[in-house]
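What follows is a group of structures, each given as structure tokens.
Below, subunit A partners subunit B and then partners subunit C, in two separate complexes.
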Partner chain A sequence: MRVELDDVCMSREGWSLSAQGIFTEGIHLVSGDTGSGKTTLALLLAGLLPPSSGTVCREGISSLMVSFQFPEYHVTGATIRDECISWGIDPTGVLTAANLRDRQDLSPLKLSRGELKRLHLACVLARDYDLLVLDEPFSSLDCREKERVCSAISRRTTGITVIFTHEQMQFPRVDYIWEIARGSLHNRGSVPGALEAWEHAPDIIKKLIARGKVPENITPSDLLEAACRT
Partner chain B sequence: MQDVRLRTAAAVLLCISAFISIPGAVAAFLWWLVFAGRFTQVKQVRMMLPIVAMVAFFSIVLALTGGDGASYFIRMMVIILIGFWLYTEQKSGEFLRFGVWLLGERAGFELGMIADMSMQTLHLLVRDFHQICIAETLKGIHPGWKTLVPAGFVLVNGALSRAESTAELMAVRGYHDGGSLCPEFITPRMDILSTLAALCVLILALIPVSEFFILYR
Partner chain C sequence: MISLRSLRHQVLDIPSLDIQPGITSVIGPNGSGKTTLLKCCAGIAEPSAGTVLVDGHSPRETETGWVNEFPDRNILFETVADEVASPLRFRRVSCEMISSRVDHQLGVMGIIHLRDRAVRDLSGGEKILVALAAALVHSPHVLVLDEYDSHLDAGRARAIDDILRSGRIPYVIRCTQQMETAALGDRIVYLENGRAIHHGSPPEVFSSLSGSAFYPLSLRCGT
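Presenting the complex of A and B:
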């Protein structure tokens, strides 16, 4: 199971992005500044956008899902309950997890952006996909929800999960780090080795590395462990 | 065409010409072929097909009820082509400059700003609709007539929410009415030529052609 980007280039009106690399099974974190091309790359990986040049090859992937930054796009159900059903999942468990069980007859569009994102991610993460692309999964979420989503992502043991984010506070356990810088996608390698080369690393990680305390991973508990290491 | 004033004037002249008569519509279509005709651009606009279908439907109804459905279809199609040309050529901020130039810094500014905001909303609606179709496909739902209602809810809800946020932001920033702007326009010779050609099209539409061609009568 893998997604291979072979000399992929995307360009439009004075902006371009080039990408080369192989996404294998595991959790991949792709970071980059706003406007660097994270969403474009997410769509390219999923085959929802053809590249200007080069090829995107998906091998052994029979199911895929892309979670857009704005959860409204995914809404097809008239009620929150129907929305869960439209994802092919049992609403009871998901609505309990998303803390929305008592509002299941409401329209999803009556929820706040944060609540809708919570519901959407609960639905997406309730199923297993060979390729799961999450575009800014932490936007609109409070710290507690980010933590919950990070735990759910960290529990994924099969398939390829690609997280596109500019988040600097909360991260799930990740296997590989990539980043988009100066119009190109860079593979920084596997964690923890990738952390030293990670340009978009949060300040706390940079400071820990500067003190010679390289964390095992980038979850809050890993960072705490590294900070307390003597 | 770079000058929004001439572009809008040309579009108005051509739409009137197309609406008046079939010769006017044919002349407007020829104008479109010469000065604007980009079939690839038309194909790219996703709204084209449903609008053509809608016009075709009304033309058939008109024909069945004794009207000239074919004439209506031809004239409306040319008007739609001109409309799409105007839509694809439009650049952000143009209507604001045009409004201020035409009607001044109070009513002109307001109307121009509303027109610009409407165009921006239209662009966003097209983008949102595209994203919704992708999301539906990912869920295993094939976009079609049945999915138009939920998609419509999302689009209307999003547009209203954006409008509310914009209104709040403008109020917070102290916007009351009108504004100051010094509109500047670039007017290439080709723009003047195109507009004059559009004027000729209108004259052609207004002149009873049969008066000149005895054999035609």
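Presenting the complex of A and C:
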């Protein structure tokens, strides 16, 4: 199971993104500046956007899901309950997990953005996919929900998960770090070895590394363990 | 001072709350009423009961900049330049002045290269930067930002923070889910189930939240 980007290039006036690399099974984190092309790369990986040149090859992938940055783009149900059903899942468990069961007859668009994101991610994470692409999954979630979603992502032991995010504090356990810098996708390698080369690493990780305390991974408990290490 | 008295609106129930000039961060769980509070302060929502006064005036009589948490809901016009110019055009500012102020604002925000792009083609973060530029271009008395930072990279968020801290805007009220960002403001309001449970300086509020998910990880790690 893998997604291979071979000499991929996307370009428009004054902007370009080149990408080369192989996404294998595991959890991949991709960071990059605002407007650097993270969403474009997410769409390329999922086959929703053809590259200007080069090829994107998906091997051994029979199921695929993309979670868009904006949860409102996914809404098709007139009620929260209908929205769950539209994903082909039993609403009861999902709505209980998302703490939205008492509001199942409301329109999803009546929810706050954080609640809508919570509903959307509960629907996405209710099933396993060979390739799961998550574009800014933590945006708008409160701190408790970020913890819950990170735990759910960390529990994925099969398939390819690719997370595109600006998040600076709450991360799931990840296997590989990638980043978009200067118009190109860079593979920083596997964690924890990748952390020292990670240009977009959050300040907290950079500060820990500067103290010689390289965390084993980037979950809050890994960072706390590194901080408390003597 | 922004004074909230006997405020009731949707989930909100705030008997009394005073917001001093400076940067106030509103934090709390999803659905706790943060956006509703921001809408009342911006004059977008009229409270069902109670009052909100900005230096003694209704929010609707106050120059206010607003950035919606849904990036697409901020956009009215086709191009970036037209979107940022719109608050000035509505105020009948001269064309020469509009052109100069739009270019200046886009330059300050670091997005002058987006000037002639269609807003709909921008990334989520870029749309938020355009909305921020439009909110700032008419020098608001109150700037209300609903989770603007959830779409921005750390470098951009810091640059925006520097602009907010420049002291040109008397009141900045922002909702954020980044506790480290909230810690950099002057005050924090922590909402839960529509009530302002904690209100004060960042150290005061975070000491009350110690042990909760809302306590900044950087404080826990001593960084």
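We adopt the following convention: the second predicted complex is superposed on the first by the 230 of 230 C-alpha atoms of A that agree within 3 Å, B and C clash if a C-alpha of one lies under 4 Å from a C-alpha of the other, contacts with A are read in each partner's own complex, and residues count from 1 in each chain.
Everything that follows uses one rule, which is that a contact is a pair of C-beta atoms (placed from the backbone, for glycine too) under 8 Å apart; a residue touches a chain by one contact, two chains touch by 3 or more.
Predicted, not measured: the structure shown is a model, and the values here were computed from it.
Engineer: Superpose on subunit A as described above, then tell me if subunit B and subunit C fit or clash.
Structural biologist: Superposition check on subunit A flags a clash between subunit B and subunit C.
Engineer: With both complexes overlaid on chain A, does A:220 touch subunit B (first), subunit C (second), both or neither?
Structural biologist: Once the two structures are laid over each other on A, A:220 reaches subunit C alone.
Engineer: By the touch definition at the top of the document, which applies to A:86: first (subunit B), second (subunit C), both, or neither?
Structural biologist: Touch status of A:86: first partner only.
Engineer: Quick one: is A:72 in contact with subunit B, with subunit C, with both, or with neither? Answer first, second, both or neither.
Structural biologist: both
Engineer: Regarding the shared-chain residue A:128, is it in contact with subunit B (first), subunit C (second), both, or neither?
Structural biologist: After superposition on chain A, A:128 lies in contact with neither partner.
Engineer: What is the contact status of A:202 with respect to subunit B (first) and subunit C (second): first, second, both, or neither?
Structural biologist: A:202: touches subunit C, not subunit B.
Engineer: For A:140, is the partner it touches subunit B (first), subunit C (second), both, or none of the two (neither)?
Structural biologist: Second partner only.
Engineer: Output check: A:35 vs subunit B and subunit C. Expected answer is one of first, second, both, neither. What do you get?
Structural biologist: Touch status of A:35: second partner only.
Engineer: Quick one: is A:118 in contact with subunit B, with subunit C, with both, or with neither? Answer first, second, both or neither.
Structural biologist: A:118 contacts subunit C only, not subunit B.
Engineer: Quick one: subunit B or subunit C, who's touching more of subunit A?
Structural biologist: Looking at subunit B versus subunit C, the one contacting more residues of subunit A is C.
Engineer: Show which residues of subunit A both subunit B and subunit C reach, each in its own complex.
Structural biologist: Dual-contact residues (subunit A): 70, 72.
Engineer: Which residues of subunit C touch subunit A in the complex?
Structural biologist: Touching subunit A: residues 28-31, 34-35, 69-72, 113, 122-126, 129, 147, 150-156, 177-180, 212-214, 216-218, 220-223 of subunit C.
Engineer: Which of the residues in subunit A come into contact with subunit C in the complex?
Structural biologist: Answer in residue numbers: 14, 31-35, 38-39, 69-70, 72, 111-115, 117-118, 136, 138-147, 166, 168-170, 200, 202-204, 207-208, 220, 223-224, 226-227.
Engineer: Give the list of subunit B residues in touch with subunit A in this complex.
Structural biologist: Touching subunit A from subunit B are residues 128, 131-132, 134-136, 138-141, 147, 150, 153-154, 157-158.
Engineer: Quick check on the complex: what are the subunit A residues that touch subunit B?
Structural biologist: Going through subunit A, the ones touching subunit B are 48, 64-66, 68, 70, 72-78, 86-88, 107, 109.
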